[in-house]
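Input: structures, listed below.
Heads up, the next two complexes both have chain A, just with different partners, chain B and then chain C.
Showing the complex of A and B:
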């Protein structure tokens, strides 16, 4: 099965390079030519973070450390929302952490995962999700990090029968920022949503990579949108694999990107690998500028151009937030995206 | 048990009949010694009495090739190729003059007959005055032996000849353009080709000329164990137009054969090149043994403004296909098209697609790819669409559809999209489905057999591409697709 790279920040030889197909557009060894020293300890940050408005339990890693000094957390989620925060403040140095998340049978959980901080740190998190039969998880990830940071978050997801997994990742990029998800889809009435949104400016780099492996039938729906300006670079790699015997699979993938500057770049690779015949799989991918005709139409209605642009872009990225089921989280994300978008244009 | 035996026999019978082009013509062949070293390269060059610069070019390619590694990123698997266990040169001993049909080896004519080279070309070869106007440059085991219509083409100023001949007659053109689209060390197989290519076609269309007929080459692999390394170079000068057809068949044999051709197209200002391929090489037996390895590098360079190149391919043969006909859209307002049908059955593996590199302003490209996999085959579309910073107004539309017939085959889509400016629009769509039961049922309820129904539905599936083929080719291709899928359902 597909799996994330085992990266050890102390050993440069474990850093993937552009010679590794999965990291072709996000060369980690180029970003980090030397081994990374451990970041110093950090005082406990105050509770809350971007999702402070949502009442929830909280687990926070400060410079990669839990309150007890540990680097590995085990979470057993309940019906109440849970905040998982990675807060870093370090001019240099880095940390590695691991999180094991279990959603017990029948529980409908919400995880609000945030990456926050300041400085030129390096963060690397490996998460492993396990949903028991009939469990459901909505995972909202917000990566709002400084432009000098290098941040990698890789997760594996295992699903029990009739489980439901929904994920929305919002990334604003960093020197190198990558969010990668590997999901084994067992079929049997399991449904999966794998959404993403990136809003990039300056020389930021964001990489959203997903691999969904269908071992049985079932549905997967993926919508990823992005807006890129200045000298930023976005990478979208979405792979859907349908194994032999995974009949009845219904997988849809969409990736749409808006390029607002001639020095920005979008690299997309929506990939289908199919070994069963009773399936329905489709992917669509577009990269382009705002539609001149739509702009003209709105302008002809008396709306100033800047506002018309904002309106169109809101409409463009709106779909991602709309697909979030948890109301509080949806509102936070929609507001965050709107503000970020404003800064881009 | 009797029933099982009967089935086995039936399948065996099918296999023998299946590949109608599986025969070996007995013509004395002159081989270069088996194996590959600098002397082999010198031998080939000497055989062709090539100028010194050409030999140096080959030797340099050979030196580079030795330092390269075989690529392994494609979704294909095959036993390691022993490059020292191949013949790199085989030429028919009886040199056939080009102007007189009497001198054509009767065996060769018989081969054409068996090949079912569309009859009009047969007639042409037989000297029938009223034959339709298609020029054939038949590459029979590495050396072009017959070129027809030379006179008429010459009248239009079109040069159409084996590349070995062009080296002597028009060295300035060959030297200027050879390797200018596919550099010597572009990739492993192209580099090998540069070192040992034996022959191929050379076409030059002078400025403002619309080539008076469709040019056609029949590639044919014949001698046992001979890898075929063809090199095609087509240059369309300003404001010219040419349509080029390439069709392939090969005899049945036991050992895998290597085919590493290079095709280079150069389109200058306002010119248009239409390149159509029907590839039907031996795909191997039911277990995939003995089929052709087809590792081809095809690339077009739209070098100046408003040039246009259109690739159309129907790939039904070969055990392994590794082929990405590409367009470099360098000239402003130039455009590239890629229409492809890839059919795999049995144990065939195809990893094919295209590259559209947008460098000039307002460049446009269009990709329509239809993949059909049946049996235990694997069919991959792999494509790249990229735009450079200066390619303002670049436009691409890509549509890749895959059709799966059967439980054990695979269909993959691996598109790469790289956009580097805010004024290009790239769209990509892909779907993968199986043959619809409803449609099959409907056809059968109308009295069609399963096989006829499949043929009809598949035909509809690939129609967008078929219409891009020149008419006579389209008819053949349609039949070929149906034949390739025989026995895949039911």
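Showing the complex of A and C:
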């Protein structure tokens, strides 16, 4: 089965390079030529963070440490939303942490996961999700980090029968920022949503990588949107594998990116590998500039050009937030994206 | 009202399409522009609305004495120009309601008028949508996304009804419409006729003019107006085709 790299920040030989296909477009060894020293301890940040408006339980790693000094958390989620925060403040140095998340049978959970910080730190998190039969999880990830940071978040997801897993990752990039998800889809009425949004400026780099392996039928739906400007670089790698016998699979993948400058770059690698017969799969991928004809249409109705561009871009990215079920989280993300978009243009 | 003098327009910097077009549309009148394919009909519409790539190489266009060609498209709209597109654009993710309200308030702002509040706006939209037999819930969806050809044209009429332009340019509004949709759209246009408003109805076929009766009919061929007349000219064209009249003018 597909799995994330086991990265040990103290040992550069464990850092993937361009020679590793899954990391070909995000060369970690090049970003980190030397072993990473541990970041100093950090005072406990105050509660809240970007999703402070949502009433929730909270687990916070501060420079990779839990309040008791540990680096590994086990979460057993309930119907109440839960904030999982990775807060870093370090000019250099790094941390590694691990989280096991269990959603018990019948529970409908919401996880609000945020990556926040200051400085040129290195953060690496390995998460493991396990949804029991009939459990449902909506996972909202916001990676809003400084331009000097290196940040890697890798997850594996295992699903019980009739589980529902929905993920939305919003990334604004960093020196190197990567969010990676490996999901084993057992079929059996399981549904999966695997969405993403990246909004990149300056020389930022964001990499959204997903691997969904259908062992059985069932649905997977993926919508990833991105807007990239300046010299920023986005990587989208979306892989859906439909194994032999996974009949009845319904998999849909879309990736659409807007390039606002000639020096920005988007590397898109959508992959559908189908080894079963009775499946319904579709994927679409576009990278381009704003549609001049649409801009003229909007302007011809009286909207000034700058406002027309903003309207078109809001519409372009809007679908990602709209697909979020949790109303409070949806509002936070929509507002965040709108503000970020404004800064991009 | 609308005055076009000896207009020459090239598209994409090379191809001359309009070659000395002159036209006057007084306030309150509806003029039809008919012509064969490739005559420059759509170019005229796009030029008046200010589309990039349509370069005026000579001539002038004024609306109530004011030079239109110097203005960007949004300012022309604020002055009252409205081009109804042959193929209205789909704008995913921007609800039709948001789109129209943004346009309306942008125009009002440009004219120094106060913005229209949501309650009044919604009241007006509901009334107009009902008279166009449009499902109001459709207006909450992305503009024109998943709309049929007829629904898109009705959406155009709804926009003009709300924006209340002074100069209406209808570019092949009948294309892709069945008879029922055509009737509804034409009724919408006819309801807009007023002594203060001029209309330019661009069409290849006479059919639309059975529903929107013009005061004058002009034949556009090879980038110029080659014949003008009353409504009967459209019937002559329908009967005899464009060949004779275009040949005579040449």
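The working rule: the second predicted complex is superposed on the first by the 345 of 345 C-alpha atoms of A that agree within 3 Å, B and C clash if a C-alpha of one lies under 4 Å from a C-alpha of the other, contacts with A are read in each partner's own complex, and residues count from 1 in each chain.
Quick note on the criterion: a residue touches a chain if its C-beta (ideal position, glycine included) is under 8 Å from a C-beta of that chain, and two chains touch if they have at least 3 such contacts.
Worth saying up front: this structure is predicted, and the values here are computed from it rather than measured.
In the superposition on chain A, A:284 contacts chain B only, with no contact to chain C.
Taking chain A as the reference chain, the count of touched residues is higher for B when chain B and chain C are set side by side. Of the two partner chains, chain C is the only one touched by A:314; chain B is not. When the shared chain is aligned, chain B comes close enough to touch A:21, but chain C does not.
Legend: residue contacts after superposition of the two complexes on their common chain; A:263 is shown touching chain B, with no touch to chain C.
Legend: residue contacts after superposition of the two complexes on their common chain; A:276 is shown touching chain B, with no touch to chain C. When both complexes are overlaid on chain A, the residue A:248 reaches neither chain B nor chain C. By the touch rule above, chain A contacts chain B in their complex via residues 21, 244-245, 257, 259-289. Residues 49-52, 72-74, 76-78, 81-83, 85, 88-89, 91-94, 98-100, 102-104, 106-107, 110, 142, 159, 163 of chain C touch chain A in their complex.
Every residue of chain A that touches chain C in the complex is listed here, in rising order: 291-294, 296-305, 307-308, 311-312, 314-319, 322. Those residues of chain B lying in contact with chain A across their complex are 73, 75, 389, 392, 402, 404-434.
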